[in-house]
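The data blocks that follow each hold one structure.
Each of the two complexes below includes subunit A, the first together with subunit B, the second together with subunit C.
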Partner chain A sequence: MEITVREAGTVMVLDLKGRLDLASGSRLKEEVKKIFENDNTQIHLNMSEVEFINSSGLGSLVSIMKEVRLLKGRFTLSNLANYVEEIFEITQLSHIFEVFPTEQEAISSFQAISSN
Partner chain B sequence: MQEVVERIGELLCELQSPDFYQREEAVKELGTYQADEAVAGLIMALEDGDLGIRELAAEYLVKMSGETTTQLLVRFLANEDIGTRNLASEILVKIGRDAVPAILENITCDDHDVRKFLVDVVGMIKDERAIEPLCQRLWDENPNVVCSAAEALGEIGSVEAVPHLIAVCDKVEDAKLQTIEALGKIGDPKSLDKLYELLGSDDPMILFVSLEAIGQIGCIDSVTELKKFLDIEDTSLAESAMGAIITIYNKNEGRIDPDLPLEKFTGFLFDGIKSHNDEITDFTLDRLSHWFGSDVIQGLLDVIDHVSEDRLRRIQEILGEVGHAAGKMIVKKMGDATKPTRLKLLDLLKYIVDDDIAEDISAYANDPDPEIRQRVAHLLGISGDLKSVPRLKEMTKDSNGHVRAAAYGALGWLGGESDLKDIFPGLDDNYSDVREAAVGALLVIGGESVINKFTDDLNNQTTERQRLAVTALGWMGEDATVKPLVAAINHPDAGVRKSAISALSRMSHISDVEPILLALTDENSAVRKAAVTAVITIKGADSVQEIRPLLDDPDVWVRYHTITTIGELGRLEFTDFLMPYLEDESDIIKIAVVKTMAMLGERRAVPALNRLTSERNKDLVDAAEMALTSIERGR
Partner chain C sequence: MSEYNLKYRSIPDSEEQMLDDLDEIIVKNRILEKTAGKLRIVVSEAFTNAYLHGNCKDAGKSIKIQMQVNKNQIFADIIDEGTGGLIKVQKRKTPEPMAENGRGINLIYHYSSDVRFWENDLGHFIVSITIDREEAMEINS
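For the complex of A and B:
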């Protein structure tokens, strides 16, 4: 999986490309950990190019979510492919993750809150 | 022509008939003539004793409009009956711009009541031709006409009227309020000096309307003047000033001085939200960062039943920023809230719930209402509080399926290997939603024990559980699930075989495709179709020769699927063995090949496609014509 990290205002955006499984999930957690070390806890995953996710991939997302909550940060996702969205529904993860149709909507929601 | 005149004469007589239906028919027929006599008849009908007849006549008069109509209607404004006058006014307003010349011609008539009516009507029509005559009416001898003229100029909203209104404001005491209101509606900043001057008035009514008018004009600089009123003792005036600042804030997209004593206006602002005032609601939600305090949070919680879903979401985000303290207040408010409010309060906790709040809301895990229990289960999971796990396990035994499903979902987020034994029973639940929720929880927890459980379930006594198991193994998508999924290709149930193949094709990194190749000859057509997709997904174009025999499959839909799957590879080299199927006996197959040829832009198919345009089947002909167009365009 390719993971690209970029900034969108105060939010760190990670673009994921490929399959989210045990190996790529571990790398993703590492990347997020580096972001935490830079005192940033506002994270967005753009998953437009993630066409497959397995159990381990889900576990890595849940694990990141738990970390972000402990740090009182915010973690959003966007652009879920149909299959990934289906898995989120089955696992009811759509209840705990903030999932947006597009990255722009997700980033706007961060900005709306920070302006408040 | 003579006949028409005679007929109208008869109809005019019928308007006097005691029979309602005869009068109604007469009005309807009069409405079909363009003659002035017919218009006069319809005007007469405006005085009919029956409301239905009057309204019918009005409807026809609006449609007919014309100079005669408007002149007669204007004259009718002098009618003694107020209802009839009002009806004539309404018709003139509906006629609109066409009525303006007749109105202006009569706007200086002797009857001051008629002048007032005409001024009111022209104000409602909002025609700029009336500005000059209305400015003259500002100096009418009758104060009611002056007031109406000021109001009408406000409605039209032209800056031309501003100097006249300012002059009248100074000189005609009776029309002061109306002129100030008109200046506000027109919104010309040139009025501001006059309005600031009026803020020195002793008359509270003048002050109220001036403050409002300044707000409507919307200049950021006015905030300085308005802020002087925020600290005065008269609460109503201070709130009017705040209302004007809010109007300016909204007109300028929030670009105003943030230093406002909002704490003094908590009641005013939250009452505004409760009464669905959009301006106040947006302002209040936007400005909360300057203004956190328990009274504000309490205020927000008090208005959640009065705001739209979008705004409720904003409140949720704002409270999320406040965090734990807001959560505690939400929990406290739940105690005496009604069910709908309690559900909203629970939703507000989504971004706040932590260990402490999870403990507080556990009390509602036994609430008599299942929707409340369901929300509580979700929140316990979201909280990340491991102490909630035993409570969630209890909730998996709830009498309500939705609650059980929510509890399993939450256990998936919170639980681990040690909790599996409490989740597995969910796979045997009577409700499919609960079984699926249990599968979802097991997916998130994952691991060897879960894979073993689903592998065992492939041999469960019930087909439904076997199918659930193979689907779950597919969703898990781990390397360790490949082996049981490959084994499932030989399962006795076709549904299991198909799901296993589909899951393997999604995983696509399997080394041995031999079992899937064997499935190309499966007895079940759905399995064969799944195998075609899987082989192409895993091996790509290299496997076309292996699926080629299925072009002659006994099942037409397997053939169709094979053709389109090959077509989607986008390789012209495969058209050689697809083209012969343009002559197939089945139109479905021909259509599939036609579409593939179009997609690939295969020019060699043109002669065959031309022949197909003469076929009887319209769908086939349409597809062939579209393919020819598409190929031609791609040349």
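For the complex of A and C:
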């Protein structure tokens, strides 16, 4: 899996490309850990190019979510493929994560909260 | 009918190789995406289960996959070299909403047409999966 990190205002955006499984899930958690070390806890994952996810990949997302909550930050997802969305529904994780149709909508929601 | 016997070292990176091999089988057998998506997830979940819970991350052990593909169905046996895997599956609990693991078996049940968890004479855990090919069902209906 390719993981690219970029800034969108105060939000750190990670673009994921490929399969999110056991090995790549660990790499993703390491990338997010580096972001935490730079005192940033506003994180968004653009999953438009995630072609496969399994329960290990889901576990890595849950792990990140738990860390973000502990740090009083925010963690959002966007651009889920239909297949990935279906897995979220089956595992009932769609109720736990903040999922947006597009990255722009997710980033706007961060800005809306910070301006309130 | 096509048959495949695959064997992998019990290390995290083997899953990538296994999924690449699975994609080759999918293309060779002209398995449509709807069926292929089910196959990838169930084999991947059984493979991860074998690595984590059967072989307990022991790189000296192997994970074998024996597959048969015909025009109507796909059969896959995922075999580890550990012991006690069956008991772990039987004792599993429904994961808490914020649990980081424990969802794999549910996904196997959801996407398989049939599934059986059992042990061979050596006590090695086997997940036997059947997936009905969507393309065959469309032709037969």
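We take it that the second predicted complex is superposed on the first by the 116 of 116 C-alpha atoms of A that agree within 3 Å, B and C clash if a C-alpha of one lies under 4 Å from a C-alpha of the other, contacts with A are read in each partner's own complex, and residues count from 1 in each chain.
Here, a contact is a pair of C-beta atoms (placed from the backbone, for glycine too) under 8 Å apart; a residue touches a chain by one contact, two chains touch by 3 or more.
The structure displayed is predicted, hence computed values, not measured ones.
Superposition of the two structures on subunit A leads subunit B and subunit C into a clash.
In the overlay built on the shared chain, the residue A:K72 is in contact with subunit B alone; subunit C does not reach it.
Touch criterion met: A:S109 reaches subunit B, while subunit C stays clear of it.
Residue contacts after overlaying the shared chain place A:N40 against neither subunit B nor subunit C.
Contacts of A:S48 after superposition: neither subunit B nor subunit C is touched. In the superposition on chain A, contact is made by A:A23 with subunit C only, not with subunit B. In the superposition on chain A, contact of A:S63 is made with subunit C only, not with subunit B.
With the contact threshold set out at the top, residues 21-22, 52, 54-56, 58-59, 62, 66, 83, 87, 90-93, 95-96 of subunit A are in contact with subunit B in one structure and with subunit C in the other.
Listing the residues of subunit C that touch subunit A in their complex gives 12-13, 15-16, 19, 37, 40-41, 44-45, 48, 51-52, 97-104, 106-107, 110. Residues of subunit A that touch subunit B in their complex: 21-22, 52-56, 58-59, 62, 66, 69-70, 72, 83, 87, 90-93, 95-96, 109, 112-113, 115-116. For subunit A in complex with subunit C, the residues that touch the partner chain are 19, 21-23, 26, 52, 54-56, 58-60, 62-63, 65-66, 83, 87, 90-93, 95-96.
Across the complex, subunit B meets subunit A through its residues 285-286, 288-289, 314, 317-318, 320-321, 323, 354, 378, 381-382, 384, 405-406, 409-410, 412-413, 436-437, 439-441, 443-447, 450, 475-478, 506-507.
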